[in-house]
Amino acid sequence: MPKIAAHLRGRSWLVVKFLAAPVFAGLLFAATHAAAAEVVQIAYIDPLSGPFASTGQLGEEHLRFAIDRVNAAEAAGPGRRFELVAMDNEVNPEKSLTLLRKAIDGGIHYITQGNGSSVAFALSDAVAKNNRRDPTHAVVYLNYAAVDPGLTNGKCNWWHFRFDADSDMKMKALASYLVGRADIHKVYIFNPDYSFGQSVEKAAIAMIGNQRPDLTIVGAERVPLGKVTDFTPYIAKMRAVGADAVVTGNWGADLTLLVKAAADTGFNATFFTYYLGARETVQAVGMAGKGDAQISEWHENVDAPAIDKMAAAFNAKYHENFYYWRVVDMIDTLAAAMKEAGSTDPLKVSRVLSGMKFSTPLGAEEIRADNHQLLQPMYISVLAPDMPHMFPGVPLGFKTIKRFDAEATRLPTTCSLKAPD
Amino acid sequence: MEGLLLVLLNGLVYGLLLFMLSSGLTLIVGMMGVLNFAHASFYMLGAYFAYTISVGLGFWPALIIAPLLVGGLGALVERYGLRAVHRHGKLAELLFTVGLAFVIGEIVPLIWGRPAVPYRVPAVLDFPAFALGGINYQAYRLFMMGVSVAIFAGLYAALARTRLGLVIRAALTHPEMVGMLGHNVPRVFTLVFGAGCALAGLAGVIGGNVFTTSPGMAEALGAIVFAVVIMGGLGSIPGALLASLAIGFIQTASVTLDTPLGVLLGRLGMAVDPHGALAEITIARAAPAVPYLLLVLVLVVHPRGLMGARAD
Amino acid sequence: MADQAAPQTALLAGVPGRSRAWMIWLAATAALALVAPHLLASGFGISLLNRMAIAIVFALSFNMLLGQGGMLDFGHAVFFGLGGFATMHLLKLADAGIFLPVPLLPLAGALGGLVSAVPAGWVATRREGTSFAMVTLGIAELAVAFVVMLPQWFGGEEGVSGDRSAEPALFGFDFGAALQIYYVIAAWALLAAVLMWAITRTPLGRLTNAVRDNPLRVDFLGYDPARIRFLCFALAGLFAGVAGGMQALNDEIVTVSNIGSAASGAVLLMTYIGGVGTFWGPVLGAIVVTLLQMALGTLTDAWQLYSGLLFVFMVLWAPGGLSGIILSHAPLLRAGLGHRLLARYLAVVPAALLTLAGLIGLAEMAYRLQAVRSGGAPGRLFGFAVMPTDPVAWVAPTLLLLGGLLALRSLAPRARAAWQEAHTLLARGTPR
C-alpha cells in the first residue's frame, strides 16, 4: 500500500504543519520573553472579518489600548505583562468553540468576547464544561458587551464575568427616566426578533406599563435582525397609534435605518435606545435626532478628565472615537485582581474578582458575588446641541440627563454562585 | 380609508424600490440564464463609486458615471471570467458569481474601510414633497419611484421594440442561428451582462444614500432580489414588476396586521394550541418572511413563476 | 465538465471488478481514524478532526444531491441544523434522567433531517435545475425566519445546549473527554460514508444519476423523475441530519446559525472544491476547507479573500475540483505517461509561485495598510519589514505578480498541451 501510505503521510503532515506553525511561533515568543516577564495571554474571540468586522475591530483596538496601559504601569504585578491573541470567530458560535479549544491548547487561561449573545452563551457553557472536566486548563471568560440577562441568571456560571450592564439593568434605568417624563404618554416598543430583543420587550412592558395612569404602551413589535429594507410601514404604524416615544433595542444598520426613516417621514417621537451612540447612526439621523436618548456606562461629555485624557490618547493612536470605557475598566480590574491574588491562576484570580469592590474615575463599582455581574454607574444622556464633544458633521453631542450609582442598577438574580473546589 | 391608502402608497414605494433593486438581475437571468449571485456586490460597488464621485463632483454626475463604471466592470467580468466558465455549464457560472461576490465583499472594505461611509441624499431632493396621514414623503422617494418606472419602460421598450432587443432574445434561444446571421453573439452577452451590472450599480447609486453604504450592504440586500426574479418568472421583466409590487403590497399590509398566526390557522380549520408558540406570532412579526412564503407558494402553484416562459 | 466525464465513468465502472479495493480503502480509513488523534495529541487537533468528520458527512450528503442527482440545494443546512436540534432535545431528555445512550443520539438527527426534508422535498423536487435551486433558497429563508421566531423550540439567539457527560457512564465512558467523543464521531462518520457509498450502488443511486443526465429518458423507462429526486432529497436530508447530530454531540450546543445561508454556502464551497464528479471528492473538499477555515485564519487577516480567490480559481480552471485534477492524472500515471508531464509541469511551478507571491504580497500589503491607518503595526512580510504607506513597497509585489502572470501565459498552455497529448496517447492505448 505505498500509495495509501503516502496519502496518509501527506495528510497528517499537512495537519501537523498547520498546527505546528502557531505553536512554534508561540514557543519562540515565550523563549525570548520568558526571562524578562511573565506573559498572560488573553484570547479575544470576536468577528474580525465579514459584515460585523468593524465592531470586532473597534473592540480589538480598545483591548490593545487597555493592555498597553496596564503593561506600561505594570498594574498586574511586577514583571507581569498582558498580551492579546486575536481570533476571528465571524460571530459564529461553532467556530468560537473551536477557537476556544485552540486557546486552551495554547495554554491560554483568559478569554474575552462581546459581540453576539449566541456566541456568549456557547462560550460560557463550553468554558464551564471545560473547567469541570479539565481543571488544570481552566479558563476565565470576560464578557464586555453581550447583554442577555440569561448569562447572569438562569445560565450563569462561576467563570463568566460580565463588565457591561445587562439589558434588564439598562431598561430599569431607561424606564425610570421615561416614566418621569410627564410629556410622554404613548410608548411603542420596537425590537430585533431574537432573545435579546425579546428580553428587552419583556422588561420594557414590565417596567413601563402600569407606572403612570396617563402612560400607556400602544404597541410592541419585533423585526428580524437585518431583514427589513424599508422601515416606513413600521413608522406609519407607530404614527397611526399616536406614539410619542419609541423604546428600542435595535442596533447597527437596523437602528440607523429606523431612526432615519423616522426623520425622513417627519415622525418626531423621542427614541429611547440602547445603542444610539454609534457615529454612523447619529450621522444618518442628523439634527432630527435631537432629544433622542441612550443608556450607557459612559459618553464623551461625562465630566471625568481622566477618561477624557484616555479618549484623546486613543483617538490620536487609532483615529477612531473612544467608545468602550468598560473595556479599559475590565482590563484594569483583571490586572488589579491578579496583583491582589499574587498569581495568574484562573481559580485564584476568579476568587478575587468575585465580590471585588473598587473605584474608577466614574465612581464606586462592584462585581456581584452572586452572579458575577459588574455594577457600575450608568448614564442616561440625550443628543443636544452646543456640547463640548460633538459628532463630526452633526452639531450634536450627548448630554447627561440622569446618573445612576452602581448600587442603583442592582436587580434581583436567580443565580447564586459558589466557588468550585 | 386613510390607513388603506397608506398601505397602498407604502406598498407602491416599496414595490418599485424592489423592482429597481432587482431589474439588473432580471435582465441577466432573462437574457443569459445566469443567476448572478454577485448582483448585490455590483449594487454595493455602485453605491461606493457614487459616494467617491459625489464627494468630488456631486450627486448628478455620480448618477451617470457610477453605473457606467460598474457596467464596464461587469462587461470585463463577463469577457474574462464568465465566458471562460460558460462551457462548464450553468452551475459553474453560478458558482463563479458566488466566488466573485466573496472577493468583491473583501476588497470593498480594503478600499473604503469597514465603517459606513457618509453618502448623503442630494440637498435639492431632501425635502418632504407631500404628506399622508402625518407621514411625510421625501422628494427623493418620488425621484426613486420615477427612476424605477423609467427603468421598466426603458427595458421593456428596448427588448420588445428594438432590433437589438430582438437579437438579444434570439441569441439566448438560437445562438448558432444568430451567429450565422452575422451577429457577434459573445459580444451581445458581454453587453447584456454589462447592462445588468450597470442597472445594479444604478440601484446602488440611488439606494445607497437612502439606506446605508457599508460593506454589509450587499449581504443586507440578501435573497429578496432572487425572490422577486424567480417569482416573476426567471427574467420576465413585466413579471418582475408584478412580483415586486405583489411583495410590496402584501408585506406592507401584513405589517399592519396584529392578528396572531394561530388565530389565522384556526380559521383555516387547523387546531392550534391557543397558548403555544405559533399562537404568539402575529402576522406583523412574520411580515419579513412573507416574500419567501409567497415565492414558495407561487412556485408550488405555478412552477414558471407569475409570467415566466421557461421552467428551467 | 463534459471533457472529464469520460475518464471518470470509466474509472467508476472499473470499481466493481476490483471488488476488494473498497474493503482495503475502508480498512485503511478506519485505521487512520483510529490513530489520527494520537498522532496529533492535542485538544485542538482532535477538535479539528471532529469538525472534519462532521464536514465530511455533511458534504457527502450534499453531494448526493449535487453530484449524483444534479440538484443544487441552497438550503441544505436546514436539515443539518434541524437534525442537530432534534439530537440536542434528546440529549436534554437524557440529561433529565431518561435513559438514552449518548453515542446513538445522532439517530435522532437522522430522523430530524428526514422529517424536515420530506415536506421541503415534496415542494422542491417537483422542479429541476434552476427552479429547484431557487425553491430551496426560498425554503431556507423561510426556515431561518421561523426558527428565529420560535425561541420556545429553538432557543432563539442562545440556541439549545445540553451536557453529553451528565448521563450515567456507559461501559465506563461518560463521553466528556475529547478523545471519547472523537471516536463516537469518527464511527458515525465512517458508518454514514459507507452507507452513502452503498446507496450509490443501489438501483435508486443509479436512477438518480440517470435523472441527472437525462430525465426524459428515465420518464420513458417508466420511472417518475420527480419521485426519484424526492427519494434522493429525503435521503440527503437524513444524512445531513446525522451530520447535524454529530455536531450537536461535539459542540453540546445548537444555534440558529447552523441553519443559515452561511452554513449552506460553506457546504457548497467544500463540495465544489473537492469535486462533485466523484464520491470521495467532497471528503477531500471538507478536509481542505476545514483546514483553511481553522488554520489560515490564524495566520493572516486576509484569509477570507484567499478563500474567495481560491474558489474563483477552482471554478475557472479546475471545475472538476481537487478530485477532478487527481482523476485526470491518475490514469496517466498508471499508464506510465507521467514523465511526459513532469518537465512541463515543473516549468509552470516557479511561474505559479511567482504569481502567488505577488498576489499574496499585494493582498497582505493592502490589509496592513488598513491596519497601519487604524494605528496598528505593519509587521513583517516574508521576513522583510514592510511599510505599506510607502508606494515603493508596492512595486516589488506588483512586479512579481505581473512577471508571474506573463510567464504563466506562455508556460501554462504548454503544460495543458502536454496533458492533452498524454490523454490522446492513453486513448490510443500506447504501451505502458
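Side notes on the structure shown:
The first chain written gets the first letter, and so on, giving A, B and C; residue counts start at 1 in each chain.
The rule is short, and it goes like this: a residue touches a chain if its C-beta (ideal position, glycine included) is under 8 Å from a C-beta of that chain, and two chains touch if they have at least 3 such contacts.
Remember, it's a predicted structure, so these values are computed and weren't measured experimentally.
Put simply, the chain farthest from subunit C by mean CA position is A.
When the C-beta contacts at A-C and at A-B are tallied, the pair with the greater total is A-C.
Remark: subunit B and subunit C have CA centroids separated by 30 Å (rounded to whole angstrom). Note: centroid distance subunit A to subunit B, computed from Cα atoms, is 35 Å. Among the residues of subunit B, those touching two or more other chains are numbered 106, 109, 285, 288-289.
Each of residues 145, 149, 304, 373 in subunit C touches at least two other chains.
Of all residues in subunit A, those that touch two or more other chains are 49, 57, 193, 224, 227. Every residue of subunit C that touches subunit B in the complex is listed here, in rising order: 1, 66, 72, 123, 126-131, 133-135, 137-139, 141-142, 145-146, 149-150, 152-153, 261, 265, 268, 272, 302, 304-305, 307-309, 311-312, 315-316, 319, 366-367, 369-370, 373. Across the interface of their complex, subunit B is touched by residues 49, 51-54, 57, 193, 221-224, 226-230, 232-237, 239-240, 253, 256-257, 264-267, 279-280, 283-284, 393 of subunit A. Across the complex, subunit B meets subunit C through its residues 33, 35, 81, 84-85, 88-92, 94-96, 98-100, 102-103, 105-107, 109-110, 113, 223, 226-227, 230, 234, 276-278, 281, 285-286, 288-289, 292-293, 295-296, 299-300, 303, 311-312. Residues 1, 4, 8, 11-12, 14-16, 18-19, 21-22, 48-50, 57, 61, 87-88, 90-95, 97-98, 101-102, 104-106, 116-118, 121-122, 125-126, 129, 133, 148, 150, 155, 193-196, 198, 224-225, 227, 317-320 of subunit A touch subunit C in their complex.
Subunit B makes touch with subunit A in their complex at residues 3, 6-7, 10, 13-14, 17, 106, 109, 114-116, 118, 128, 131, 133-138, 141, 211-212, 214-216, 219-222, 224, 251-252, 255-256, 284-285, 287-289.
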